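Each of the two complexes below includes chain A, the first together with chain B, the second together with chain C.
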Partner chain A sequence: MSIEALIMQVLSGLSTGMMIFLIAVGLCLIFGTVRVLNMAHGSMYMLGAFLCFWLTSILSNIAGSFWWTVILAPLGVALFGLVLEVVLFRRLYPREMIYQLILTFGVILLVSDTCKLLWGVEFHLVPYPRPLNKAVTILGALFPTYNIFLIIIGALIFVGLWALMRYTRLGRIIRAVTYNREMVSALGVNVPLTYTFVFVLACWLAGLGGVLTAPVSAITLGIDATILIECFIIAVIGGLGSLTGAFIGAIIFGLVNSFGILIAPRLAICFNFILMAVVLIIRPWGLMGKPE
Partner chain B sequence: MKGKNIRVFTYLMVCMLVWCVVFVPKGAVAEKEPIKIGVIYVMSGAHAMYGLNAVAATEIAIDEINKAGGVLGRKLSYIARDDKMNPEVGLREAKDLVLNQKVSLLSGVLSSGVALAMSAYAKESKVIFFNSMAHTPKLTNEEGHRYFFRWCTNSTTQHHSGAKACAKYWGDKKVVTVAPDYEYGKSFHEIWWKHYPRYVPGAVNAGEIWIPLGTKDMTPYITKLMGLNPQLVACALFGGDQIAFAKQAEPFGTYKKFHFYGASDGDTYTLHPIKRGEPGTEGAIACSRFPYWMEITPKSAAFTKKFQEKTGRVPVFDALCHYISIHAFKDAAEKAGSLDTEKIIDALEGGIFDTALGKIEMRACDHQFQTPLWIGIMGYTPDFPYIHTTQFEKFENPYANYDTCKEAMELRKKQ
Partner chain C sequence: MVIRTQRKEFMKRIRWSSSKIWLLIALAPLIALPFLIGEGFLSLAIEMLIMIIAACGLNLMMGYSGMVNFGPAGLYAVGAYTTALLLVKTGAPFGFALIAGPVAAAIVGAIVGWFCVRLTHIYFALLTLAFSQLIFTIAYEWYSFTGGDNGIVGIPVPDFLAPIDHYYYFTLAITIVCLGLIWIIIHSPFGKTMQAYRENPERTEFIGIDTKRYRLKIFVLHSFFLGVAGSMYCGFNHNVFANYAHWLKGTDFIIACLLGGMYNFFGPVVGAAVYIFLEKLVMSYTEYWLFVLGFIIILLSLFLSGGIVGFIAEKFSTIRVKYDTQG
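Entry: the complex of A and B
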């Protein structure tokens, strides 16, 4: 096998990993801070994708409509997340996980049927945005510019979130709330507001993931379910609740998937599940997580 | 006196009741009840459109039949159920429809897995099952039986016809197959490699790419495909998967570098969301099972118009097959002069039905309707804003390359 083919496979693996990272990171954030296993996180991604389709359609006469959508659609999803958190989720934080799961399952059905009602059951497409609709030549082979953009944006989001957590007061509060909610509350920090911020940020990230992956795929009902499974694999490998874990988990996921396809195509789908099982057996808290 | 009147009144009431039970013909009430059709399809999730289109087609057919007087004087009605693409759910719904709702006919089903489960139940319960979209050849070959009828094409004719057309038009020897990683994809792979080397001696399998259903990021598969460097890519992806593949493969130069065969690209479901100027499989050879713009028959034009008016969507193949099957049920019942299941089956077997796709035979040996398909080149015409099959004149259209009765029966004997 040529070195060019290997590099292409690495790039495509990174591209896959970063696409899923954009969505998985929100799931990890919510679980790490708020301790809610948000099964409806995939629905936020789907809502972002549908909003992207809808906004690009109505803004089609405006130059750079996709880039306006990148700003507006995740904000729409974040707003929806805010309403959900304030009206529903906030009441269930002290309850057992089973109640949270039932609620999030209800939200999945709500979002799915709303999308069905608003946008129908057909496949919807969003064109590649200019100027990323071309390909670049790498070692004599073509590779889509948009996929390179996704790799860069994924890395930038990780660096941005890491810097937010590491160097800002808000980040320190979020980390403190994660470690000891009662102590932080006693120090006068508004913990419910911190939870709301994290929840809304995670929804914004899922919405952004939905928008940025929209040009490469078909937008339809059911895309929430498939992405959620991949997000959980990443979260388990990297460590549920860990930001760095989600990033490393996403890269591992993408590369294992990519080289699995190259080496044993019929078994490619199994490799990430096998890896997840191995991590669960050897290190149940994930590669970058911390034992409870 | 008062007591006597009550006795007389009670006596009269009892007499009337006895008269009603004994003398009123039982059929007189029953004949007024509509004949129920059970429609089982996926109606939720990513494939919900198949079910919604089938329901629309059912309503169009039932409306036409009822307006024309019904079937043997009785109206038709339907009960729709969601199988969620799950054989267990499909089977549960089929049992409920037969046992509790007393349907006279089971119909529908997209998934071959669901169809196989329901077909076994139809055989056991002696209820007719009309399949309008499941494609595995097993349904009419190995697992075929008296109560199962398929009205759509099957994988054999679809992929055999595709292999034949590609062989004649291009004749490439180095082929890579791209298929969904489940029953349909496996049967595509088998059928392709059973027939293609017969038409292109020396053709070699240069690689296989198997893609799980619902994959969003096709990039790793495409980079592998580019590395394999075939002459021809034979692809059996459909629906959202093929849209994602078509969009993502174009920037790699796939369609310029290789010949491309898209088994389902010509179906309106698959690529019609791709508008002019967007990445698509332009120049590929593709099957089209209902090129509705050709107005194949006056009936097809009428169905197209009604379907578009009802749903606001372009007509699709499986909805058409569903529509054809319900009309065929009416024709068979009237030919049999009875609603008896066995008599209707006898009327269906070997019957020639005047359908929206022309006069077609329901083959008696395996109950596979000899549904045709068309092959063309993907491209654009001024009539449509989206990519579709064109240049039909370059191929031997329409195609119907089903297994022969002998082949089907040999496979059934092996079971």
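Entry: the complex of A and C
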């Protein structure tokens, strides 16, 4: 393989990885803080993608309609997440795991059939937004500018989240809640509010992921399940509940995927399954996680 | 004290024999069923029976050992695909293909389980789901072998099973055998150990039980029963599709367990029957069955966590307590 082709493959892997990172990190955040595995997280992503399609077609005569969507759609998803958390999920935290899983699964079904009702079962496409609809030349090969943009956004979000967790009061509270919920509560921190905030932030990220992925993939029903499984793989590789783990896991996932496609185009996901199995045998708690 | 224990023993014996009688009474209408209802309802009954096998097999794992397999559909599909491929590609005898299905599911279950039992709790559930999606991907994408999204259609079935009432009796017999086996497993020392593990994994390990091996055994056993259900469904439907392995199919089984109540032997039986009935009923009115199912799931997990049988048992036990205190 020539060096140009290699770099192309790495770049496309990175852009896939960065997109999935936006969704996987939300899953990890919720699990790390609230200790609930939110199966409906993929639905937030799907909702974001559908909202993106819907808003861009409504706002199509406004210049830069896509960029308005980038602002509006994640907010919509976050709002939906807020309602969901306050009305449903809050009752769920003290319950057995199977009921947490099954209730969040119920939400998947509701969201999926609502999307079917509103937007139908066909494929939807969103065009590349201006000014990122061109390609740049890297080492003599053409590469879409939009994918470069995705890589940069993913890295920025990671740095932002890391800084939020590390340097702000809010981040300290979230980390403290993760560590010992009762003690933090005794110190006068409003723990349920922290949970709500984390949940809404994760939903916003998933919505953002959905919007930003819309131009590079087809929007249709069923993408919620696909992305959820991919997030699970990343979470297991990186370590559930770890921010850095999600980032590294996402990069590994993207790279394995983009090189796997060269070997077996339709079965590329299998390589990641194998990788996950290997990680589970060597480090069952994931690369960045801590053993329980 | 002695009298009390004796009375308890006696009551137990009575309850056991009366439950036997109840079983026989319940069996009579099931045997008479083909004479009472039409073909459409009979095929519904067959679907219920197959669902009962799958749900009870899954409950061995979920209810009795406390391990959540979130991807049972993968193993179910392995059973179905093995039977289908053997019948279509090699022309193997039906009986052989029907036995090979569950055996293949158990073998795949042993491989998947070997990975999964290394993890516990949520990680275990995640990994089972991921493996089931892996099986789905293989079934969906490997066109030359599994037929991809076209599935395998027109699976030959021997003539004596072709009439629907014959297949009904066949399914009924298999279901009774499977439920009997599950009953024996649960009430054996092995089953008691399973339940001990569910109640307290650490203590079970402290008294010298190799929990990992036990869990793997349960995994293989439950794969076998899921495989039986898959094979039976393949013979019933004469077609096999990739979405048998999809997680939506898998959650059908889980919801059937939960709906009936997973801490009771007959919970999944009731749950499976009610679930299939509800599904057909709602689907005859609207194509948005999943929407309705979503609501059912949310209500179920918020308000009816013991399931239908659990709910009835609870009401019944409060009545009995009242009666006992009065007497």
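Everything below uses one rule, namely that the second predicted complex is superposed on the first by the 285 of 292 C-alpha atoms of A that agree within 3 Å, B and C clash if a C-alpha of one lies under 4 Å from a C-alpha of the other, contacts with A are read in each partner's own complex, and residues count from 1 in each chain.
In this text, a residue touches a chain if its C-beta (ideal position, glycine included) is under 8 Å from a C-beta of that chain, and two chains touch if they have at least 3 such contacts.
Because the structure is predicted, anything quoted here is derived from the model rather than measured.
Look at chain A after the overlay: chain B and chain C clash there. Of the two partner chains, neither chain B nor chain C is touched by A:Leu118.
Of the two partner chains, chain C is the only one touched by A:Leu88; chain B is not. In the overlay built on the shared chain, the residue A:Ser12 is in contact with chain B alone; chain C does not reach it.
In the superposition on chain A, contact of A:Arg266 is made with both chain B and chain C. By the touch criterion defined above, A:Phe232 lies against chain C but remains apart from chain B after alignment on the C-alpha atoms of chain A. Once chain A of one complex is fitted onto chain A of the other, the partner contacts of A:Ile281 are limited to chain C, with no touch recorded for chain B. Judged by the touch definition given at the top, the superposed model places A:Leu187 against neither chain B nor chain C.
Residue contacts after overlaying the shared chain place A:Asn133 against chain B, while chain C stays out of touching range. The contact surfaces that chain B and chain C form on chain A in the two complexes overlap at residues 112, 116, 225, 266, 269. Residues of chain A that touch chain C in their complex: 31, 37, 88, 91-92, 95-99, 101-103, 105-110, 112-114, 116-117, 225, 229, 232-233, 235-236, 240, 266-267, 269-270, 273, 276-277, 280-281, 284. Residues 44-49, 52, 181, 208-210, 212, 214, 216-224, 226-227, 239-241, 243-244, 247-248, 251-253, 273-275, 278-279, 313 of chain B touch chain A in their complex.
Listed in rising order, the residues of chain A touching chain B in the complex are 1-2, 5, 8-9, 11-13, 15-16, 19, 112, 116, 120-125, 127-128, 133-135, 141-147, 213, 215-218, 220-223, 225-227, 257-258, 261-262, 265-266, 268-269. Remark: chain C residues 62, 68, 70, 115, 118-119, 121-123, 125-127, 129-131, 133-134, 137-138, 141-142, 247, 251, 254-255, 258, 262, 288, 290-291, 293-298, 300-302, 305 touch chain A in the complex.
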